[in-house]
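In what follows, structures are represented as structure tokens.
Okay, so chain A shows up in both of these, paired with chain B first and chain C after.
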Partner chain A sequence: MSNIQDIILNAVPEALIEEKQKLTVTVEPKQLHPLVKALYENKDLPFDYLISLIGMDWEDKLGVIYLFSSSKDMSQEIAVITATEDRENPLLYSITDMYEAAHLNEREVYAMLGIRFINNPDMRRFLLDGDWNGYPLCKDYDADPTLNPITIANKEITDLAPRIMEDENGNLVESVANIFDEDDYIINIGPQHPSTHGVMHFRTALNGEVVKKIDVNSGYIHRGIEKMCETMTYPQILHLTDRLDYLSAGMNRHALCMCIEKAAEIEVPMRAEYIRVIMDELNRISSHLLAWAAHCNDLGATTAFVYGVREREHVLDIFDKTCGGRLIINQNVVGGVMFDIYPDFQKDVKAFIPYMREKLVEYDDFFSHNPIALNRMVNVGNMSREDAITYAVTGPAGRGSGFSCDVRIHKPYSLYEKVEFKEVIRTEGDSYARYMNRLDEIEQSLHIIEQLIDDIPEGEILAKVKPIIRLPEGQYYQSVEAGKGEFAVFIESKGDKFPYRVKFRSPSLAAVSVMPLICKDELLTDFIGIGGSMDYVIPDIDR
Partner chain B sequence: MKQPLELTGLISNLHTFFRSNLTPFWATVIEGALVLIAVLAAYAIIALALIYIERKITAFFQSRLGPNRLGKYGWIQSVADLIKILIKEIIHINKVDKVLFYAAPFFVIVSSVLTFGIIPFGQGLQAVDFNIGIVYILAVSSIGIIGVLLAGWSSNNKYSMIGAMRSGAQFISYELSAGFALMTVVVLSGTMQVSEIVESQRYAWNVFNGHIPAMIAFVIYLISGHAETNRGPFDLPEAEGELTAGYHTEYSGLQFGFFYLAEYLNMFIIAAIATTVFLGGWMPIQVQGWDGFNQVMWYIPSYVWFFAKTGVLIFFSLWVRWSFPRLRIDLLLNLEWKYLLPINLVNIIVMVVVVLLGWTLEDLFPIFRP
Partner chain C sequence: MDVNKVKIKALPSDDFKDNETLQAYIDELNATGTNVVVGKLDQMINWGRANSLWPLAFATSCCGIEFMAAAAAHYDLARFGMEVVRNSPRQADLMVVAGTIVHKMGPLLRRVYDQMAEPKYVVAMGACAISGGPFVNSYHVINGADKIIPVDVYIPGCPPRPESLFYGLLQLQRKVKVEKFFGNKRIVRPYNPDTLINPKTGETVKVENEFNK
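Up next, the complex of A and B:
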């Protein structure tokens, strides 16, 4: 770490370095870009993976917290903070020249906080309409519904992207660029489309049937969850995490619980940890099964879809019996789990493991080696390792490109240090690698459950927690490996019973942001198939 | 041979009844009307039955139950669906090319009905029997694609347009293969008249009579016929995962019903033509000299034979449809132009050689000769 501090001080001598939960560096806006560049270009440990980009309103200042990590060693993390006092026209420097993942994130920060980024080539608002009044995540936001009335009028989509660029002399020049060429044949894939897995809107320019350019529009189901969190107590927020990536509901909630428990220094009983991990892995199996099924359906194999859902049903039945929920399992709470396992839980799970293994073989026989399926997946939608890192694509998709990014291995939490399992990595980077990764991860999850299911310790399932939780002042981070990739929670607390700011990192956002790159020059048909292989869930993006 | 359950007697009785009581002109008119009604009724009933059968079989492939609420085993479900589609509102779309838009479904359904008319369902159960039957089949079944292209073009919808263009490319390509495969049989049986083709297969079905080239032609016909019906894995024109519903996205009510009906019937028609041309049509299995056996086979009426053979082929088509993922357009065209068409061209020459040198089963073994 001292080595990193040297690099930071070398690049920006005035930087303020603090050892908090993460190494935190605070710099002036002007110095941000040189600092990030130094971290990015660091030879031994390049900080080339942007975990999250968190827009902040500290009332006196508007700013951004960048959370970086390294593709060489994911356990190394560094938080960089910068802020501007200008609330009328806040401007910060963009880091999109190094991190592709910053594009959509910076646009989201602009929509939510009004901060514009110099040198970002496309500074439209993301998630919100271009004519939205006010910036919702600002503390002085006026939520009066008359300011932004609901309209059913038809709105034309403008494909004009404003931008602020810095020229050689350091002057800021504002301009407007066209996203599409004038004679492009553009079709709207979404927001209502069977294969976008939610209300996602891809503006797609076609050349015949070949995809020329894709423009990602989202926000059709944006619910302002991060804003809602600021007016809710911590136990209330838990329920909102389930509504992000609903397929990884249990894992998302686990992340938030751990974040709060760490901050409030609550010790979780061992029995609860076991239950949490087993439920997480079952949740992952159900998520991967649905991803597999939906991917096959996108390729036109309806029967495979039904098979995937059939097996998922067994997992959901176990959830149902444990806690009453099937998709949204209200199991994790701060300090442990809400419900103890039912008497036959172990028997049911143990019956499920060999059943699932048998079905994995069936999937292999039925679909994985089908010549048409291979033609549709092998060498289609290629994503190199570098692309995966710079677009921050994690999860089975990132690991399909050789990016070793399993949070359970690199930043172990809960019981993952105790169990033995392999990180499934493939280097081909095509749809087929992502497809096979999911099936192999189901096998690894079964293996983890096998190791835990027999020695669930007796004891409490819930630690004693005060009815009103107040977190001490500070910034808290926690990541987990959700079904689609790294899901991270950030909480800033001012010592109140409400969080000051909550930010969720969405793995699906990264998966969608890379779509324009990997779908370029592929056929329209393959665009759908690649989308299936990336496995994104839209509510996760539209937080 | 005794054929107690055949309908030939009934038909000839009716014929003599009309001839003896009416002037020849009116007899012809009334007979024509009856045939028309019979064909249309058969068309509708077969479609209903097929929809029900497909839903049931698909359900079993996918470990589901299928329709099971209306009537025993849900058999009234298709009837209910028919009534629903008949009384459904036709939604008028503003910016379509009105004439072409409303004409398109008729091209599709008319083409399908015209092809349907030439199928010999049993002894004497054939509406039209030209001496150029095979050419007629190829000609009228090609009209359908015009409807599909018109539908896609006039809908003023980019998805429909892409679907229709894909359909055009696919249909024209596979029409070639289907045509050549049928021509292979024409070479073998020496006639284009459907009834004569059936008659010539009394003791040896064409697929066996012409052995290797005939079997190749049979397989190619099944593949390309399946592709012509736009059903999975060749369902690119209406790939619901990509183009929502392809060329018929904008259609509703009965107009959509026409497309739907024609699709199902085309599946039946392809299977029926394959049966007629390759599998002996309505002809029962017979062995020369085994009179007792032949008599037993003839007790089973010819239309049962026909529907049984067709049913097997339809089952194959469903099996394929529910097992494979969808092809991509380039793979689809590759399959046709790089594999099926060259094989077909060689195959037809092989068939000519086989026929000229007298290597068919009929030539080699007298027992198969009619």
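Up next, the complex of A and C:
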């Protein structure tokens, strides 16, 4: 780490370096770009993976926390903080020239906090409508419903992107640019479209049948969860995480529980850890099965969809018997799990493992080598390793491009250090690699469950937790490998029973942000298949 | 007419927990008497319509996945003649609003509803579509789909299990069965917005209704 500190001080001598939960560097807005550039261009350990970009309102200052990691060593993480005191017209410098993932994140920060980024070519609001009054995540936000009334009037979509650019002399120039060319033929795919996997809206410019450009428009399911968290106690927040990426409900909740447990120094009983990991892996299987089923359905194979859901129901039955929930399993709580496993749990899971293996062979037999399916997946939607890293695409999609990014391996949590499993990596980077990755990961998950299911220790399932949880002042961060990729929770606490700020890192946001790149010059019909192979969940993006 | 005379194949009347609401609806429809001649024709048309309700899944979040599970193997929506999930509103009889409706989605929900052909029905599936559910206090969430469009059946749950969805859909089947096609006496429920923007002038209008009096 001392080496990194030298690099930081070389780039920006005034930087304030602190050793907190992560190495934290605080700099002035002007020095942010040189510092990030130095970290990005560091030869031995390039910090080229932007995990999270967190807009903050510290009341006296508006700022951003950047979390960087390296594609060479994912366990190395660094937090960079910058802030401006100007609340009227807050301006910070963009890092979009280095990190493609920053584009949508910076637009989101603008919509939520009003911070505009100099040199970002597209400063429209993300998630919220352009005419929304106020910035919701600001502490002084006026939530009066008459300011933003419910409307049934159709709104025009403007494709004009305002921007602030810095010219050679350092002057700021405001201008407006058109997203599309004047004679582009644009069609709207979504928000109410069965193949966008939710309510995503893609403005698509076509050249004949070939996709020329895509503009991602999201926010049709933006529920303001991060703002709601600020008025809720920690146990109350738990149920909101389930409703982000509902297919990875258990894993999301695991992340938040671990984040709180780490901060409050709560030791989780071993039995609870075993139950958590087994449930996580079952959850991953159900998530991948639905992803596979929906992807096949997108390619026109309705039979495959019915097959995938059939096997998924077996997992849901186990969830149902354990805790009563099917999709949203309210299993993890702070300090352990809410319900113990039922007497036949081990028997049911052990019966499921060989059954699922048999079905995986069946899937391979009837769909994975189908010539029509191969035509629509092999060499379609190519994403290189560099693209995956700069767009921060993780999960089976990122690993399909050769980006080794499994959080369970690089930043092991819970029991993942104890179990043995392979990280499934393919280097082709096409739809087929992502498709096969999911099926192979189901096999790895089965393998993990096999190692744990017989050794569940006896004992408590819930540690003693105070009725009111107060986290000590500070910033806490925890990431897990969810079904779609790296899901993470950031909590800033001021020592109160409510968090000061909560931010969720959405793996699906990265998967959608790369869509314009990998769909370019592909056929419109393949766009649907590529979307299926990326497997995004829209409520996770919109939060 | 008595509610017990409304028969659907899947479930006998006695097994429904709520018969009173439907009885009140029948009484309201028949307040001015029943026509003997076209009444029989009505029954025939309603028999056909109730058994082939084609849903449009307006799935925005978690409830949409449970709707998919209900339509696929294991639960099989086809048992009730509803397996033909249409993705175009123009071909659907029934809109299943599955998930949270937020401000940005409001105009689109209304537009999709307006694109559906009469007779049309709306099922609000899940706590969010009923009232905003867990997100009721959020700045960007509309507290119930009935602020935008009239709703026929509410299905509670977060998300509702496929069994609950079926129960709600069967209730809707009964509702369809008592309708009067001739004489056009279907009662349209008003929807209850607090504030709306007038599409013509762009001005905000405060709307008074039974909830905000």
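To be clear about the criterion, the second predicted complex is superposed on the first by the 543 of 543 C-alpha atoms of A that agree within 3 Å, B and C clash if a C-alpha of one lies under 4 Å from a C-alpha of the other, contacts with A are read in each partner's own complex, and residues count from 1 in each chain.
Rule of thumb we're sticking to: a residue touches a chain if its C-beta (ideal position, glycine included) is under 8 Å from a C-beta of that chain, and two chains touch if they have at least 3 such contacts.
Keep in mind that what you see is a predicted model, and the values were worked out from it rather than measured.
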Contacts of A:E209 with chain B and chain C, given as first, second, both or neither:
first
Applying the touch criterion given at the start, work out whether A:I152 contacts chain B, chain C, both or neither, answering first, second, both or neither.
second
State whether A:C296 touches chain B only (first), chain C only (second), both chains, or neither.
first
Contacts for A:R505 in the overlay, against chain B (first) and chain C (second): which applies, first, second, both or neither?
neither
Determine, under the contact definition given at the top, whether A:P194 touches first (chain B), second (chain C), both, or neither.
both
Quick check on the superposed pair: does A:R116 touch chain B, chain C, both, or neither? Answer first, second, both or neither.
neither
A:K22 in the overlay: touching chain B, chain C, both, or neither? Say first, second, both or neither.
neither
Which of chain B and chain C A:L523 touches, first, second, both or neither:
first
In the superposed model, does chain B or chain C contact more residues of chain A?
C
Just chain B (first), just chain C (second), both, or neither: which does A:F367 touch?
first
Residues on chain A in contact with chain B in one complex and with chain C in the other?
193-194, 306-307, 310
In their shared complex, chain A is touched by residues of chain B numbered 61-64, 158-159, 162, 166, 232-233, 235-236, 239-242, 244, 322-331
Of chain A, residues touching chain C in the complex
128-129, 136, 141, 143, 145-146, 148-155, 191-194, 198-199, 219-225, 227-228, 231, 239-240, 243, 246-247, 290, 305-307, 309-310, 312-313, 316, 326-328, 538-539
Residue numbers on chain A that touch chain B, as the complex places them:
185, 187, 193-195, 209, 296-304, 306-307, 310, 366-367, 370, 372-373, 375-376, 523-526, 528
Per the contact definition, I'd like the list of chain C residues that touch chain A in the complex.
57-62, 64-66, 68-69, 72-74, 87, 99-100, 102-108, 110-112, 134-135, 137-142, 147-148, 158-159, 161, 193-199, 202, 204
